[in-house]
Amino acid sequence: MGQTEKIKVERLNLHYGTNQALYDIEMNIPENSICALIGPSGCGKSTFLRTLNRMNDLIEGVKITGEVKVDGRNIYSPDTDVVSLRKRVGMVFQRPNPFPMSIFDNVAYGPRIHGTKKKAVLNEIVERSLKQAALWDEVKDRLHKSALGLSGGQQQRLCIARLLAVEPDVLLMDEPTSALDPISTLKVEELTQNLKERYTIIIVTHNMQQAARISDYTSFFLNGYLVETDKTDKMFTAPGDQRTEDYITGRFG
Amino acid sequence: MKLSKTTDRIATVYFWVMGIVIVAILAWFLIRILGDGLPHISWSFVTGKPSEMTAGGGVGPQLFNSFYILFLSLAFSLPIGVGAGIYLAVYAKKNKFTELVRISVEALSSVPSIVFGLFGALLFVSLMGLKFSILAGALTLSLLNLPVLVRVTEEAIRSVPESYWEASLALGSTRWQAIRKVLIPASLPGLITGITLVSGRALGETALLIYTAGLSVSRTFPDFNPLVMGETLALHLWYSGSSSLAPDAKEIAKASAALLVIIVLVFNLLIAIPSRILQKRLSGGK
Amino acid sequence: MRWLFIVSASLVSVIIFSIILFVGFQGTQVFKDVSFAQLFLSTDWSPLSDTPKFGILSFLFSTLLLTLLSVILSVPIALSGAVFMAKIAPKWMRELMRPAADLFVGIPSVVYGLIGLTVLVPFLGKTFGGAGYGILPAAIILAVMILPTILSISEDAIRSLPGRLEEASLALGATRWQTIWKVLLPAARPGILTAIILGMGRAIGETMAVFMVIGNSPKMPGSLLDSTTVLTTAIVKDMGNTFYGTAWNNALYMMALVLLVISMLLIIIIRVVAKRSELR
Amino acid sequence: GCGGKEPAGNAGANPSPSPTATAQANEPDKNPEISGMVTSSGSTALLPLVKQAAEDFMAKHEKVTINVTGGGSGTGVKNVADGTSHIGNSDVEADEQYKDILVDHIVAIAPFALIVHKDVTVDNLTKQQAADIYMGKITNWKEVGGEDKPIVLVHRQDSSGSRKIIRKLILDGQEFSKEGVTQDSSKTVVEAVASTEASIGYVDTPYLNDQVKALKIDGVAFSKETIKDGTYKLYGEEHMYTKGQPEGATKAFLDYIMSDEFQNEKVEKLGFLPANLLK
Amino acid sequence: MGQTEKIKVERLNLHYGTNQALYDIEMNIPENSICALIGPSGCGKSTFLRTLNRMNDLIEGVKITGEVKVDGRNIYSPDTDVVSLRKRVGMVFQRPNPFPMSIFDNVAYGPRIHGTKKKAVLNEIVERSLKQAALWDEVKDRLHKSALGLSGGQQQRLCIARLLAVEPDVLLMDEPTSALDPISTLKVEELTQNLKERYTIIIVTHNMQQAARISDYTSFFLNGYLVETDKTDKMFTAPGDQRTEDYITGRFG
């Protein structure tokens, strides 16, 4: 497992207008590891995830203080290039959001905007990405049909494929498997295991088993606070905080 | 990579320039119209009676007629326009009839107002015996409003997410209930924009009203009788600019133009404010 | 309830068909006096000569040219403005532009015409020589007139796109421009087309403003700054003063019919194009 | 408000000799309380005069409403023929097809003037020069003694009464040049001539103003006297048509327009000349 | 457990245009039971569910043959009142879809359109429904704020509350918990247990554990075919079909 710190979060606070959604978050995420974010609905997991590639910039009225360092550089410093940040720190969303274009064009979108023009190269990227996302077999005959005709689960895998096509450093995944069946889920989980050799992955999940299965580190959020972060093994066997234990064992809500 | 960033920067600058150009064009027109007209606007101009030969005529009755005709024309066109828009957005299956309606709407939207005027003169003024009257003008005007209202309604309703529609039907609502309680409220901001657009255009319409509403104003003011002639403000503006022999006709034309702009402005504000509040409420901002 | 909507929708069709019937009936009377070929293939419009000539080809040509030119002038600006308002402008600027655009739909065309006549025409005359009347000033005035319509409807279309599309694109490291160009504009295409159709409809049908600046000579324009006539102004200038039932008057109704047919054809063309691009 | 004077009804009902209403029912209508609605439509050039008459007449007769609208001479004649309005205003004679059913009332004389942009140095044109200019044979001001500038023609539309009169009186029935600019009302002609360098146009004299310069024709400037003595020949007649002989309020209204009171005061003030000027 | 058949499906075939999505489905669902539909992504679970209250009517180009009997009456016969059918057979969707109105109005929407006017009654219905959906505590202070301000999980529970407020006979749930955290999920699962005393519930789920935990019957779909239906116990211990076993144990995809 990687030792270098890929992401370092310091005293991060976030307000939606007057509502504070994150309080003084501190977190380190080592390179080439998978970090799972767990916690009850509305606790701020998605919000936190979105601060890591500045997707919250898009929402009006969001105020952020503190630092998020990726590769040692604060992404909230004024000289940050948000676009290349987002290329390095890619994201899969809770709800599938394919573009209203063909399946092929969806996957080729990223490479194209980053300058890949050659048809052969694109073909290859699209095929590889779709295979990685365990979608290739289902769509290989309809690559040029609209992506909106896919089922929810297929759409989500398409979004993953689309992200993989730009080969980011860090993958942010917001419940990427919540719309997938177990088999696809399994494939995606396997995929994350393969990817972590090269990538750093942060994944939000509601599924304790999933967190336990795939992640190296787990962070538990509650009401906008980061209660604790630890090695996943430790977290699920001997959590340091009573609230974590209560949550993991399903004792409160 | 570098290239795309440069492109982005250029694009941003370009969009800003375009935005500013548009604002500049609009502002230039506005300043010109208001600057020319405002000096002549006074209380007696806004409320007074028109005068043919002497200077100092007002536009009180015309102002009233403008609103009266607008009101009546909306009363006719709104139910039909919104109804047809809802039909297209909600009920219409892909069949010949729908296709026909759609093409009709588009065709109607490109009928020149002079043709509406001729048609209205034949149908309402002559055949239906309404003579030159506020009613004939309003009916003809509503034909002009219709296509825009249909399009805007359809567009507004279509932009409401499908899921609202599904959710309502799955709760056992009739289509009509879903339309009335969910779709229409959710599409209200769009609808209101459409109505403002239509109103603005209707207030400024001339060609069509010359043949239907006439160029006289009633002796009493305000006169709610829809069967009398009713010159509107825009008509009076046209008349002052092309035929009137009043010594201050030019000033009256300019002042009427400014007044029209002010009215549309006020109209926009009056409608825009509640619609903005509405939009906020719909989109979940507190 | 459903039948009420169907009745409303049918009514729209009934209205347009009555109009077409009315105009068509009156217009086709012209063939009692004038041959089809003379009407459509000749540019000679001399209604008062001893052997009256009713050739409308030049009006037709100028109408198409004027409409096209005004759309070409207006659409890029309007679309850029729509994108600007929907995605780039700070809130206050947007809140300013929106009502301003709506406001301009309400300015009577006579006012546009007057400004065109007293400002634009003399300016063009001075700059390019000649009197300054012609298709160019008319197209500029029309472009300004239809700008707010295209602007506000396209802006609505862009704005009403689900936010997740934008998110998805940005999260892939696309720049704002790439997102706009490759995702938002294509996704908003139906709405934008509607906007252009409506704008075009207004441009084809506009009379008063065009009348004051286009010159209205019944001939083919030699250049964009040469006096010529379009169908609407040809109709309006003589409709009220010619006697009902005369060949001249009927020819005017014929032009109205032609106008309707042209706009319908344009609409159908656009629909076909739109449908084809949607399938891709 | 509109303060109508009761006895004034007499003035309106006063039988005044109408020069052209051929079969005038001369029976004096003693009823002072006429009532009803009269609709009049048609020529835009005549509009101000009719509107003014309506304003005055309604002030005198509380119970009468006079509705006035434009639409053009052709529309006016059609409207009166098919009953849509009581009176049809026209600045040209009605078409043959209407001759039998309509009764003509000539209510005023409308003189015309050739006008030019203020910077044009020419002050006078012969009739022949004017004709050549409008037929496109003369295209530069220098050919008629002005500066070296191409002439911009400003026309009225083909169907306009003004144009018909110029065609008849200046061009002797020949064709206008197709070059130049066409406007659809006298006021916009003035507007166009005022804003277009080296332009020439023609308008009814009520619309003359100091933005433009009126030309002399064959050395004669327009005035009431030159028209009366026949040296200034550029004028037309304004018609108001009724379907059959006018009755009731319509008749009273037409009578009022023909009355000395209106003819002598208002008509001239508006820039027209009294209908009986040449009699 | 109820013995009477609540829903009986016979030779049901469904086409989306020219694509067949369901083949000859036959199924019986007893009253007051919970039936889980499982199967890989895109196999037709959602499609099938939507045939039960004719939600597919809304999609253009859908052709349906065969019969679906609810309480013995074919809902696809021409004299069926679709509106009252949907009141009896309610539905919760895969993606939360609250109306753009206040939380209160969302829940009161159903009762209102079905004729309940009295404020007091509505208040009571709203409170009860929100409590049943395990949402009351979180939203009781902001009932009149927009429902769109809720987090995804909260929104989904709101949709469940909204459905419960119209007290249908049959509840169709399309992965109702896929956007919920474990605690909310647990509550909703408990809720379904309570509800089945009065209602018949058909639930689509990707979660085998969930199917095993809460359902009485399980149906396994594959590529538009209903492979088998059986008592859940039996299905998860001794499935009749090899494919079912393979799927449940995660052996194919």
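Some notes on this structure:
Letters A, B, C, D and E mark the chains as written, and numbering starts fresh at 1 in each.
Just so it is clear, a residue touches a chain if its C-beta (ideal position, glycine included) is under 8 Å from a C-beta of that chain, and two chains touch if they have at least 3 such contacts.
For reference, the UniProt names are A, E = Phosphate ABC transporter ATP-binding protein PstB; B = Phosphate transport system permease protein PstA; C = Phosphate transport system permease protein.
Not measured: the values here are computed from a predicted model.
Among the remaining chains, those touching chain D as well as chain E are B. Of all chains shown, the one whose average CA position lies nearest the global CA mean is B. Counting C-beta pairs in contact across C-D and across B-C gives the higher total for B-C. Each chain gets a centre from the mean of its Cα atoms; for chain C and chain E, those two points are 51 Å apart. Each chain gets one centre point, the mean of its Cα atoms, and the points for chain A and chain B are 49 Å apart. Centroids of chain A and chain E (each the mean of its C-alpha atoms) stand 29 Å apart. Chain contacts: chain D has residues 44, 70-71, 75, 184, 188 touching two or more partner chains.
Residue positions of chain A touching 2 or more other chains, listed in rising order: 83-84, 95, 113-114.
Under the contact definition stated at the top, the residues of chain C that touch 2 or more other chains are 114, 162, 175, 178, 236, 239.
Working note: touching chain pairs come out as A-B, A-C, A-E, B-C, B-D, B-E, C-D. Residues 39-42, 46, 94-95, 134, 138, 150-154, 175, 178-187, 206-208, 247, 250, 252-253 of chain E touch chain A in their complex. Per the touch definition, chain B reaches chain E in the complex via residues 93-94, 161, 163-174, 177, 181-182, 185-186, 281-286. By the touch rule above, chain B contacts chain D in their complex via residues 51-53, 121, 125-126, 131-132, 210-211, 214-216, 218-219, 228-229, 239, 241-246, 249. Across the complex, chain B is touched by residues 17, 81, 83-84, 113-115 of chain A.
For chain E in complex with chain B, the residues that touch the partner chain are 53, 55, 58, 60, 83-88, 90-91, 93, 95, 97-101, 109-110, 112-114, 145-149, 159, 162-163, 166, 168.
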